[in-house]
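Going by the order they are written in, the chains are A, B and C; count residues from 1 in each one.
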Amino acid sequence: MSCPTPPDGGSLVSLGLVPAGPVSFLDGVGLVDHHCHSVVAADLDRPGFEALLTEGAGPAPGTSAFDSSLGFSVRRWCAPVLGLPPHAAPDDYVARRAEIGTGPASRALMRAAGTESLLVDHGFAAESLLGLDDLRDTAGVPVGEVVRLEAVAQDVADAGVDAAGYGDAVVAEVARRTAPGVRPLAVACKTVLAYRAGLDVDPRRPEPAEVAAAADAWLPRRAAEGATLRDPVLLRHGIWTGLDTGLPLQVHTGFGDVDEDLHRADPALLTGLARLVEPLGVPLMLLHTYPYHRQAAWLAQVFSCVHVDVSLAVPHVGPRSRDVIAEMLELAPFAKVLYASDAYGLPELHLLGALRFRAALGGLLERACATDEISPADAERVATMIARENARRVYARMPA
Amino acid sequence: MSCPTPPDGGSLVSLGLVPAGPVSFLDGVGLVDHHCHSVVAADLDRPGFEALLTEGAGPAPGTSAFDSSLGFSVRRWCAPVLGLPPHAAPDDYVARRAEIGTGPASRALMRAAGTESLLVDHGFAAESLLGLDDLRDTAGVPVGEVVRLEAVAQDVADAGVDAAGYGDAVVAEVARRTAPGVRPLAVACKTVLAYRAGLDVDPRRPEPAEVAAAADAWLPRRAAEGATLRDPVLLRHGIWTGLDTGLPLQVHTGFGDVDEDLHRADPALLTGLARLVEPLGVPLMLLHTYPYHRQAAWLAQVFSCVHVDVSLAVPHVGPRSRDVIAEMLELAPFAKVLYASDAYGLPELHLLGALRFRAALGGLLERACATDEISPADAERVATMIARENARRVYARMPA
Amino acid sequence: MSCPTPPDGGSLVSLGLVPAGPVSFLDGVGLVDHHCHSVVAADLDRPGFEALLTEGAGPAPGTSAFDSSLGFSVRRWCAPVLGLPPHAAPDDYVARRAEIGTGPASRALMRAAGTESLLVDHGFAAESLLGLDDLRDTAGVPVGEVVRLEAVAQDVADAGVDAAGYGDAVVAEVARRTAPGVRPLAVACKTVLAYRAGLDVDPRRPEPAEVAAAADAWLPRRAAEGATLRDPVLLRHGIWTGLDTGLPLQVHTGFGDVDEDLHRADPALLTGLARLVEPLGVPLMLLHTYPYHRQAAWLAQVFSCVHVDVSLAVPHVGPRSRDVIAEMLELAPFAKVLYASDAYGLPELHLLGALRFRAALGGLLERACATDEISPADAERVATMIARENARRVYARMPA
């Protein structure tokens, strides 16, 4: 099964306005997916499948998650990979997936994506997902791990620690999980501050006494009722512990699930943090960013440390990914933009992220060539930078 | 006089890139306009007409409101309905309108829209507008009423009530106005919180004692100087009274007139309210939403209760309505998007809302078919969902 | 050397979809650049040149500012003006510029822009820039000055004044610099409140006692350590001093350099100020506005006093300038939109601002004609309004 190629929304080639030819700048270029998750291990029925097509808990009663840009993309572009005709009906799609089996279906879909390595956050609801070794076998490419700082902090709390020792214990555990010899290789840290307290918090490193006091308030609540870590001081302690490792720090920004207030996930709110990180030389990777990707692109232009993607949006917005990426490239330096799928749960999202990204960026570059805004040699260079070279430069460690 | 058809900005058909044919998915599909207002009863001179072409008080001195995307749309698409050539000069347009008479002109323009029912907010500056019976006769379609909660609250205050009784009096009056037997049929409640206090208020239901205290502060000011209701506690009381009816609650968000701070009308600020409404099963209808329609679309994806439109923007932005609707459909599930014109005062806005919506959504679906992203059968289904089926599903009551 | 003409992103003419002909509505129309800066006087090496291609301090280590939409625009459109082929390599471009000499290169680039007058803010880092007389000679067009209020305030402080006298001294100095007889002619005042305190400050005119108290706090810090003026009360005093001159007040909004928090430069935050300025009849000129240009456009629609541009974005976003301008024209009345380049340092930015603006607006109008949304006569009128007539109407003074 080979990778299907969507006509992108406005490709001059696909519209027959310029001759088709060797201008598909992303063809054969392996992608580094610098931020994604693993895929569900078990078989999925239709409600289970639909629940993973939305960032909500599932479609509203009386509606289907297939009736969305993402849903139509699955039917159009994933169905043929599983041997169905394009636009297969939702029930047929889910049935065919079950018939093939989740493992083989995942294998087919992920391998069609043409990704060359995956950097995976495995710290969120991982119980139902393939472990990283299995994910590597399924995808057929090397897998590195992104250490989710809030998950580490909660693990430290759950393992038992007192408030005075909490700060150092988190530092030690992050050090242990990011040590060079750990397998799978830890390539970055990540924070979901946006989900937990919003990005509009004081960005400074908290003092040890503040951390101890905040831990004193949270740890009993964690022990008693499993309270999620939402304390800004402890979240900031996690972020600065991550920055101290020197590994790139991934930051969730922009849209995601219902646990966040979207306007408090605007990456522009990270300007204060970026000012503090700038002299450290630690890369700050702003994930997703949509619908604030123009704001994120500005940060990528004015701060050396800031890098950006429009990951999660790409599979979701379907053919509109071309417009979204074009908006990001208005201000973002091309050396600061990375590819990611942010796929979670469904291998379909891994495929659609890659397929839409190729069509979108390839289509933009084709058009830039067709209108003589850029030379074909430069277009090829830019395609490769964004597809993988920027990731290879920014991530000092890359799984092999 | 039949409905004119604009070539939409980038229709493949209109550009001759695909053969014209039976691909106009909105042709002949009646629209449910789930949020609009009535039209001016009296004749309008040119300043009076221009004042209704802008959300401001009127054009700036030395300028004309005809020199705008909306103004050019009137000249291009409404002029032929009144028997003038396309692009008629502003003076000619206003003169022709007067010659025909406001009533017949309104009748011609509204009936050209192809709307099948109107849900009307008649609680704002209604003195100069046609009553709802006359509006029904003019438009030739059934009319339901959207009960504007702040207008009810002010009526209750003006009828005389003491602070202790205010809360219950509002509840009783909302119940009376939304009773099943009332004519015109009450189909929804609506809040203009964005205009009165901003959407960034505590979303919780206030306690009766809070309501009484706030009423104690406002009622004397209302009696003495006609003070508009802007108290957040009383506004929240109105909202929760509306939610308690079980009818869909329409919420003004996004751009509107000069009485609001635009950034405080960002629908993302309603995330807290949406969390509270989600378990109730009451539909939350986010109106207008532009330029925050991508944020609104996210809310529609992650909350079952949230539904969205880009009403007011559609007539205003003219040929760009296609781009705006495309942006909304990036994340919004197709079963959560509704049509509305938000037309106020001018029947031209009723026509332009419908005409632009048909061209925009039809054009997007045509293109999705032409690029094989969606099948024609699905395109037809999606067109009908957004044009009227979603409204019929969400609004338990629909005027007949 | 004549002005090169870029095919705009989707010009129907350039795509051969409509016959080329006398439809280039901006051809031969001189532009009033109502907000720009001067150009660097000295020769630039490659790092010096690249530093001026970004709003940051320079490209990130290991990357080039040429790898951006702006960088590719320089290579494509400026290279031929200097006698190089399109897409010249960055090193060749910088070498050719040095070979010609900065003066002659600036002359060639600026004169290719087809600007008919320049309104220049010369109050920011002007030491390394051409003086305004030299700029006038280089550009070959009249130059007016925009008085930067914060620079005046700092000059007043540096000249020595006590806290009690500060307020009046600023008033006197602004009056002196904006007097009708001053050369170059002062045409407007400007505030960079967004950089100094954010736009989300109380917009009211401060009381004299507040000003004296704030001056008392700032003046010693200014004297001792050169503290930049960031006090909101003193910034507001400057703004109201500017408004009192009756000259248009330019306000930096939207993206700029790293000294600002982008979300606090959202022009929607100026709604309160606009309400206060509206009765005064003083034009409020919202500069740049991107990525909040849709919000700015709404302000321009609902407030008579508000005017808008997308200056800085135009050269930066390259072929996407057409989309950005289209977004602004969704709501902005066409009589309220102005041209500006916001060029700083590089004459390339003066050329690219003009060249992209012509292609973008011309292309939009061409398409509006081709789809019969607007008549050619109206398109020509709108082109001229935005290119220069609106500026001539709003600026009571214009350099000659």
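The criterion applied here is as follows: a contact is a pair of C-beta atoms (placed from the backbone, for glycine too) under 8 Å apart; a residue touches a chain by one contact, two chains touch by 3 or more.
All values reported here derive from a predicted model rather than from experimental measurement.
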Any chain that touches chain C and chain A: B
Self-contact between copies chain A and chain B, residue sets same or different by half: different
Chain A-chain B separation of Cα centroids, rounded to whole Å: 36
In chain C, residues with contacts to at least two other chains: none
Chain A-touching residues of chain B, taken from the complex the two chains share: 17, 266, 268-269, 271-272, 275, 294-295, 298-299, 301-305, 326-327, 329-336, 367-368, 371-375, 378, 382, 385, 393
Residues of chain C touching chain A in the complex: 6-7, 9, 14-15, 54-57, 59-65, 67-69, 72-73, 76, 86-87, 255, 257-258, 260-263, 290-291, 313, 316-320, 323-324
